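Which chain is which? They are A, B, C and D, in the order written, and residues in each are numbered from 1.
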Amino acid sequence: MIIYLLCLILFCCGLYCILRKRNIIKIILGIIIAEYAVNLFFILVAYRMEGRSPILSSDVEIVNMVDPLPQALVLTAIVIGLATTALMVALAMRIYEKYKTFDITKIKELRG
Amino acid sequence: MIELYVLLIFMIIGAIIAIEMKDILSSVIAVGAVGLGLSIALLILKAPDVAITQLVVEILCLIILIRATLKKDLPFSTTGRWLLNTLITVGFIVVFLFVAIKAFKDLPEFGYPIMRIANTYLKEGLVRTGASNIVASVILDFRAYDTLGEATVLFTAVIGVLAIIRRIGRKKKDEVVEEDDE
Amino acid sequence: MTATSNILPLFVGISLAGAFLTSIVGKRVKWLPDLMGSLTTLILLGLSLITVRIVATQGILVYSVGSWKLPIGIALVLDGLTVFMLVTVNLMAFLIAIYSINYMERFTSKWKFYTLFLLMVAGMNGVVITGDMFNLFVFLEIAAVASYALVAFGTERHELEAAFKYTVMSTVGSLFVLLGIVFLYSYTSTLNMADMANILAQKGASNITIMVSVLFIMGLGLKAALVPFHAWLPDAHPSAPAPISAMLSGILIKSLGVYTLCRVFYNIIGINSSLSLILMVLGTLSMVIGVFLAIGQWDFKRLLAYHSISQIGYVILGIGLGTPLGMIGGLFHLFNHSVFKSLLFLNSGAVEYATGTRDLQKMGGLMTKMPITGTTSLVASMSIAGIPPFNGFWSKLIIIIACVQANHLGYAFWAVLASILTLASFMKVMKYAFFGKLREKWNKVEEVPVFMKLAMVILALICVVGGVLLIYNINEVFLKPASDVLLEGTKYADIVFKGIQ
Amino acid sequence: MSKEHDKGMSLIVKVITRLTVGLILLFGIYIILHGHVSPGGGFAGGVIIALSFVHLMLAYGKDVALKKFPKTAMSFFESMGAILFLSIALLGFTGGYFFLNFISKGEPFRLFSAGTIPLSNIAISLKVGAGLFAIFVVLVLLKFEWEKKE
C-alpha cells in the first residue's frame, strides 16, 4: 500500500516537472522519470512475497515464482520509452539549432 | 522489504534534485541516479531481465542526453503567474493522489498478486515453448506479436530521427536539392 | 477457427512489410516509394472491403496469434465496429497516398515519408483490430511515434516546435493510458479485453473503475484532442505536410482517440450514466469552443484544425448519448468527417502547392484558375456546414434528432448553434479564397497535377453520395453492426468467447 | 596510425578501450544467444552491442568507429533485422498460425532449444544494435548551422 503510494509520488514528480518547467531538456527528464515510475509500478504489482525470479533450473524445482507477464510487458514499455526519448532529443537539438535556446517561453512562434 | 522503501525514497529524492537543479548536466546525472536505483529495485523485485535492460538503456539514454546538453546555454525563466500555475499543478496532483489512494484499497495487497493467467505460463511455459526463461517464452512466443510491435516502434524512431535531422526539408518547384541520405 | 480468419493478421503484416521494404529499396530506386505506398494501401483497402462481407455472412471472427487460445495469448477480434474503422482508415490512407505522389515532390527524402506513412497505417490498423489491452497500447505508440516524426517532416522552426509540443502532450497521454492498463491488470489479472470485461462485470463497481476511467479519459482525451486537452492540435495539424494533416485530422485522432475511448468505456468498463454525462459534456464543450476559436482564424489550415476539434465534439456527443440513433449518428459523422476534413486539408495543400501561401487574406478568386480544387472545396465546405444533400447534413441531423429524442434539448441547441457558426466560418473561407476578384499576383497559377486532382475528386464524390450509406441495405451491413457492438456493452465478452469456438 | 591518435580521448582511455571493447561485444553476443535459458535476450544484448560501438566512438573518435561499422551497413542491418523478424512471424503460417513457433522445441535448458525463440532474439538484436547505434551516430554528428561557418 505505502509502496504503491511512494511509486505514484515518483510519477507525480515527473508530472510536475513536465507541467511546470520551462526548459525543453527538463521536460524530457520529467517524461523519463514518469516512465520509470510507471514501469516500477507494473513490476511492483507482479511481486510475490518471498518470490523467486521466473527462470527454471534443471536441477531443483523452484516454487513460488513471481508473475512473469508484467516483466515481459515492462521490457516492451522500456523500449517504447527509449524510442520516444530518442525522438524527443532529436527534436530538442533541432529546436536548439534554430532558436539557440532551450527555453520554451522564448520559443513561441505559434499562438496556443 | 525495508530496502525497497529506502530505494524508493532515494529515487524520489533523486527525482526532486533532478527537477530543481539549476545546472542541466547535474539534472541529467541525477536522473541517471534515479535510473540506477530503479535497476537495483527491479533486481530486488526478482526481475533480472528487466533490470539488465533497464541498466543498459539507462546508459545509452544518459550518453545521448549528455551529448544534447553539453555546452549549451541554460536560461531559466519564471513566467508572470508562477504562483497561480504552481498552485493549480499541485492541486491537480493532490487530487490525483487522493483518487489513487482510494483505488489502492481495492487492489490486491502488495506481494499477493492474483496470477490467473500467469500460473498457466509458469506451469506450461517450459513444456510448450522449450524456453526455461519464462520471460523470454512470454515475450517471444506467447506474446510475440507485442514484440513485433516493440521492434517496430524502435524502427519508427530510427527513421523518425533520420527524417527530423534532415537539414533541408522543403524544396521549391523543380529545385534540385542534394539529399544526404543515411 | 476457419481459413478466412487468417485475413486478420495480414492487416498489420502487409503494411509492416511494405514499410520495411520501402526503407531498404526506396533509397535507391526513385519511383518505388510512390508505388509501394499506393500499392500497399490499395491491397489493404481491398482486404478491408472483403471483411465487410465476411462479418455480414459469418459474424464475429476471433484469431489467436501463435495458436495460443484466448486468455493466454493475444487475440485479434473482427467485429462490426472494427470493420467500420478498418474501411474508414484504409480508404483514407489509399486516397491520401495517391495524393502524396505529386504533393511530396516538394519535400526531400520521399522514402522516409512513405516508410513513416506506412508505419502509421500499420499502427492504426493494429489498434483497431486488436483484442488485447497491452497490444492496443503498443500499436497506439507505433502510430503516435510515426506521427510525431511526420509532423516535423518539413524541419522548419515552427514545425519542430509544434512537433515537440505534440510529442510531449501525447506522450503524457500514453503514460496515463499505460498506468490505467497497470491498474486493470493488477485488478483483473488478465490483459484480454473480453476476459477483462467478464471479470470487471463479476466484481462490480469499485474505486478501481473510477480511477481507471479518470486515467483513460485524460489519456485518450489527449489523443482525441477533446477540449480541455486540445492545446496541441491547432499547432500540430497545420504544421504537418498537407497529406499528413489530412491523416491526422481525418483518421489518426479517431482511431487512436475516439475508437479506443468507445471500446474501453462501452465494451470493457461498461457505460453508466455518469460516464455518459461526462462524454456528452466533453463533446459539447469541444463542439462549441472549437467552432468559436475557428471563426477568428485567417490561416487556412489552422482554421480547419479548430474545426476538427469541433467536429470530434459532434462524434463524442452522438456516441455519448448511448441511444441507438445517437450511436449511428456519431459513427456516421465519424466517417463523414474523415471524408470531408481530409478533402479540405488536401484542398488547402493544393492551394499551398500552387500559390505558396496559407493566408486567406492573400488569396482570392482562385476558382477561375483552379476549378477542380475550388469545386471540391465548395462541396466539402457545404458538407461540413451541414447543407443538404451532402453527407454532413444527414449525420448532423441524426445526432440532433437523437438529442431531441433523448430529451436533451440543451445539447441539441448547442449542436445547431455550432453548425450555424461552422457555416459562417466556411462562407468566409469560400469568399476569401476561391470567389471574389483574382489578384494579379496569381495570374500565373496553374491547377495542380493529376494525382492530386484524382484524390480530391474521389473524395468529393464520396461527399456527394455519402447519404447513400443510410439506405437500408447498406446501413444494415456497414453502420448498424458497428453501432450494435457498442450497444451490446459488456456482453461483447460473451460474443468474443463464442467466436473463439 | 599517428593520425588516429590525434582524435578522441587520451592514450590511457584508448588502451583500456582496446582491451574492453571486444569483451563487451562478446558479452553482448553471449546474452543474445542465451536469451531463452538465462536473463537477457535480444533487446538487452542488442543494446550492449550498440554500446560497445559507442564506447569505441567515444574513445577513438568517429572515423575509427565508422570504419568498423559504416553507415550503409547500419541501415542495412536495421532493415534486415526487422524483415527477418517479420518473416519469422509470417513463416508461422506454414503451421497455420501467424507467429506459430513452428520449429521443434528440442531438449530444454540447451542452447539449441525453444524453436524460433533464439532466432527471434538474433533478429531483434541485429535491429536494436544497428538502430540504436545509428541514432547515436546521427545525433553526435549533428553539426549546427552556425558551427559549420566558424
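Assorted remarks:
By our rule, contacts are C-beta pairs under 8 Å (C-beta built on N, C-alpha and C of every residue); 3 or more make two chains touch, one makes a residue touch a chain.
All values reported here derive from a predicted model rather than from experimental measurement.
Greatest centre-to-centre distance from chain D is found for C, with centres as Cα means. In terms of C-beta pairs in contact, the better-connected of the chain pairs C-D and A-B is A-B. Centre-to-centre, using mean CA coordinates, chain C is 37 Å away from chain D. Centre-to-centre separation between chain A and chain B, using Cα means, comes to 2 Å. For the pair chain A and chain C, the distance between mean C-alpha positions equals 28 Å.
Remark: chain B and chain D have CA centroids separated by 21 Å (rounded to whole angstrom). With touch defined as above, residues shared between interfaces to two or more other chains in chain A number as follows: 15, 45, 53, 55-56, 58, 69, 73, 75-76, 79-80, 82-84, 86-87, 89-94, 96, 100. Shown for chain D are the residues that touch two or more other chains, namely 37-39, 41, 43, 75, 82, 86, 89, 98-99, 101, 108-109, 128, 132, 135, 138-139, 142, 145. Multi-chain contact residues of chain B (touching two or more other chains) are listed as 48-49, 53, 57, 60, 64, 68, 100, 105, 107-108, 113, 115, 117-118, 121, 126, 132-133, 135, 139, 141, 143-150, 152-157, 160-162, 164-165, 167. Taken as a contact graph, the chains are fully connected, with every chain touching every other chain.
Across the complex, chain A is touched by residues 1, 4-5, 8-9, 11-12, 15-16, 18-19, 24, 27-28, 31, 34-35, 38, 41-42, 45-50, 53-54, 57, 60-61, 64-65, 68-69, 72-79, 85-86, 89-90, 92-93, 96-97, 100-101, 104-105, 107-113, 115, 117-118, 121-122, 125-126, 132-135, 138-139, 143, 146-147, 149-150, 153-154, 156-157, 160-161, 164-165 of chain B. Those residues of chain D that touch chain C in the shared complex are 75-76, 79-80, 82-83, 86, 89-90, 92-93, 95-101.
Of all the residues in chain C, the ones that touch chain A in their complex are 134, 138, 141, 145, 148-149, 152, 155, 157-158, 160-165, 167-168, 171-172, 174-175, 178-179, 182, 185-186, 191, 231, 234-235, 239.
In the complex of the two chains, the chain C residues touching chain B come out as 12, 16, 19-20, 23, 27, 65-66, 68, 71-74, 106-109, 112-113, 115-116, 119, 122, 126, 134-135, 138-139, 141-142, 145-146, 148-150, 152-156, 159-160, 163, 183, 186-191, 206-208, 210-211, 214. Within the complex formed with chain B, the chain D residues making contact are 31, 35-44, 47-48, 50-51, 54, 58, 71, 75, 78, 81-82, 85-86, 89, 98-99, 101, 105-106, 108-109, 113-117, 120-121, 124, 127-128, 131-132, 134-136, 138-140, 142, 145.
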